[in-house]
Amino acid sequence: MDTFVQILVSGLTLGAMYALSTIALSLVWGSLNMLNMAQGALLTIGGYISFAAITYLGFPLFLGLVTAAGTGVLLGLAMYFGIIRFMFEKDGFETNVIIATIGLAMMMENIVLKAFGAYPFQQPFAVDGGFRLLDVHIPYQNLVIIGVSVGMMVATAWLLGHTRLGRAIRATAQSREAALLNGVPVRRIFAQVLALSGLLAAVSGVMLSSITTLAPTMGYDPLLKAFIICVIAGLGNVAGALYAAFLLGMFEAGVQYFLGVRFGFPALLLLVIIALIWRPYGVFNRRKVARL
Amino acid sequence: MIRRDLAIGLIFLACAIALPFLGPSRYVITQLFLFFLWATVVTQWNLVFGVAGIFSLAPMVLFAFGGYAAGMIGLYLEWSLWVALPIAGLGTVLFSLLIGLACLRLRGAYVALLTLAIAQVVYLLIITDTECFFMDGMTCRNFTGGTRGLAKYGDFGFRDLLGRQDWVMGSYFTGLALLALATLASIIIIRSPLGLAFQALRDNPAYAVSQGISRFKYQLLVFALSAFFTGLAGGIYAGHFSVMGANTLYLSLLLFLLSMMVVGGVGSVWGPLLGAAVLMLTDEALKEVIEYRSIGLGLLLVLFAMFWPKGIAGVLNGVNERLKRRFRSRVRS
Amino acid sequence: MTGPLLELVNVHAGYQGRSVLHNISLTIPEGSFTTIIGPNGHGKTTLLRCISGLIPLSEGDVIFDDAPLKNLRADQIVERGIVHVPQGDIIYPDMTVRDNLLMGAYLPSVSADADKLLGEVHRIFPRLAERRNQIASTLSGGERRMLSIGRGLMTGGRLLMIDEPSLGLAPVVVDQIYEVVADFKKQKRTIVLVEENASRVMELADAIILIDNGQIVWQGAPDELMTHTEIVETYLGG
């Protein structure tokens, strides 16, 4: 029974971490057809900004989170006005944007490294304490993360599904030309989506670093995990991503427990390859998007 | 076109053969040796990305596979590295076919992330390898060498053949031979009907398919061929340094090579070589401010992707075309 | 009929340096029904895309309701009241039929009336009312065309441009679509219709514009056109 609770708790925590890693990437990739390889670096910067605001500037915890979120919005906008604006109407956008954002990720990661050093820090935005369920210790911070990740996912799904902005984003994703002819200001939508994704990424970064540690390279692993979730859920399917994140969290926790920690990620990769061959449109999705 | 390319290639080859006899330092020779290896990887990557249109980020996994395969054959079977090298090359081809079957039918972004995830999994499996595979005296050694790297698998025997002073020359010429063959393969593919078929697929996929051009078959072919040379480059790297480690899978190295390809010019014959040369020279020149190296590389990638997606080769081509047009119109008037 | 609602003055345009339209000048009076005909691939679609701002003009200007449109983006031009129903079926494949139609009323100026407009579109195309909760990609070809036109109607606007509404449809469906188009004429809407095949639109049109090789070859009233036997033979297949 303890084993079961143990796997359940670490599975839910992993699932929450996946959900946090995925949400911003999935939003931008699904709605703008733009794979943002700098998403991981945005997570990292979010985590560090919260750390710096709380530790160096003495901000209260919550204000640290808000500062990180605000920085995320600014970075998202900077990305649009500095880079994406010049590219997204040209041929070869899909690959060129991957190269550009790889370069951007490299720059941001190394700027963080220069500013804070390679020494791993503890994220101060965290809740102390925990409780026992049967014989398993459960920190409150894990519950916070699970709550925030589900909350952000649900809020994003609601925004996309039930608001005017959400409809405009989906329209832009499905047919840029039709959206323009319906009066959707497509450029502004790009800027808005990137700003929103910056916000989500920064908050996710704070949450993720609160149960791991802050390190300049902390964003790389979530990028790959996010990809795995996007494949399983189907691109741009935010609700599906929520299920997929927790299912895969459980799966990885089980693999780690029974086969050893080092086989967790390889097992996920194998699952993704099978999924890509079996259902290239995602296990939870209708439409074919991954295959040519 | 193909004659011009071959002529350019022969001139470079002659210069590279003559160069060691002008008495450069050992450091220069070693850097040039590395240039040959990276340029080989980049020209082959260019065939996959620039010609066949597969945005794979797998080259360094293939490189590492070749290196580890050669090292393991040397260590566990105790065969000469000269025998191990072609076997490692062919092994890399098989490995690349597995990757290819998993991802070649996918869209660009999926290929990029899937190959990156494969690289990361291979890296993690190597550095978390702590199980004892065999005992080396009193120390426990892992199957892959783990974080310490794979070692003691012998070398190419250049030290015995050329002496302690000149053995680097052996590596230099081995690397040069590999680059020459890899470039030849690249010229043939880009200028051959195969290259034209890919161009047709890019320009008009529907027509190309109606002509019976199977994208998947050709892509797999190019993928496998380029894996062969990439694997050989890995094997030669392992043979030269006498140790093969997971540091070949560092993201920074992959991005250094990506910058070479993007800056040089994706899809062209000479662009990748030019890019490799430019980036290695820049890297050398910026040794003083090494801490800004990655920021500079990142900026370079962003700028080229934004403004010159065809790289230096593309810019030069554009200038050339414009000059030609101006010249022609002047002749006419 | 009053003064011109839309006027094109010496318009030149093309794609990536390849020029397609040369020196196009025309006027569309308010309440008129204009049909643009001509062989495929000779600039009819490009002309509509130019007016709606999807491609930039290289020379000349488009004047709508006395204001020049030259430097406006497509989404700003729709706001001025030009509605373009593009060629083929440019729909939102993953949205429901209802959401597709509501996107037509995206502009703040019409979104308040969205429910009223939706009712009207459902009256014109009862089929779309039946399928309102279906995902658009599962519709048949004819239904997609109705959706595409219906979405254009949702935008309201003062000028409705429809690009080849009969393209690739079965004759029965074409009849249905043209019944609706004939109603537009009765309602005195200002319509610009592009068709390759002129025979169906002859009795509807107030004016015909013939485009070949990116240039206006002829324009005038339909009955006048029939008197030019050489044009009828070349472009209308006799």
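All chains are identified by letter, namely A, B and C, in their written order; residue positions are counted from 1 within each chain.
Please note the rule applied: a residue touches a chain if its C-beta (ideal position, glycine included) is under 8 Å from a C-beta of that chain, and two chains touch if they have at least 3 such contacts.
Small disclaimer: the values here were computed from a predicted structure and weren't measured.
From the Cα centroids, identify the chain that ends up most central relative to all protein Cα atoms.
A
Sort the other chains by how far their Cα centres are from that of chain C and give me the top one.
Chain B.
Where the CA atoms of chain A average out and where those of chain C average out, how many Å apart are those spots?
From the centre of chain A to the centre of chain C is 42 Å.
With chain centres taken as the means of their Cα atoms, state the distance from chain A to chain B in Å.
The answer is 32 Å.
Roughly how many whole angstrom separate the Cα centroids of chain B and chain C?
Chain centroid spacing, chain B to chain C, equals 53 Å.
For chain C, give me the residues that contact two or more of the other chains.
Within chain C, no residue contacts more than one other chain.
What part of chain A is in contact with chain B in the complex they form?
Interface residues on the chain A side: 29, 35, 83, 86-87, 92, 94-100, 102-111, 114, 220-221, 224, 227-228, 231, 261-262, 265-266, 269, 272-273, 276-277, 280, 289-292.
Which chain B residues qualify as touching chain A in the complex?
55, 102-103, 105-110, 112-114, 116-118, 120-121, 124-125, 128, 215, 251-252, 255, 258-259, 262, 291, 294-295, 297-302, 304-307, 309
In their complex, what parts of chain A are in touch with chain C?
Going through chain A, the ones touching chain C are 164, 167-168, 170-171, 174-175, 177-187, 286-287.
What does chain C use to touch chain A in their complex?
Going through chain C, the ones touching chain A are 52-54, 73-75, 78-79, 83-84, 86, 90-95, 99, 102-104, 106-107, 111, 135, 137, 151, 155.
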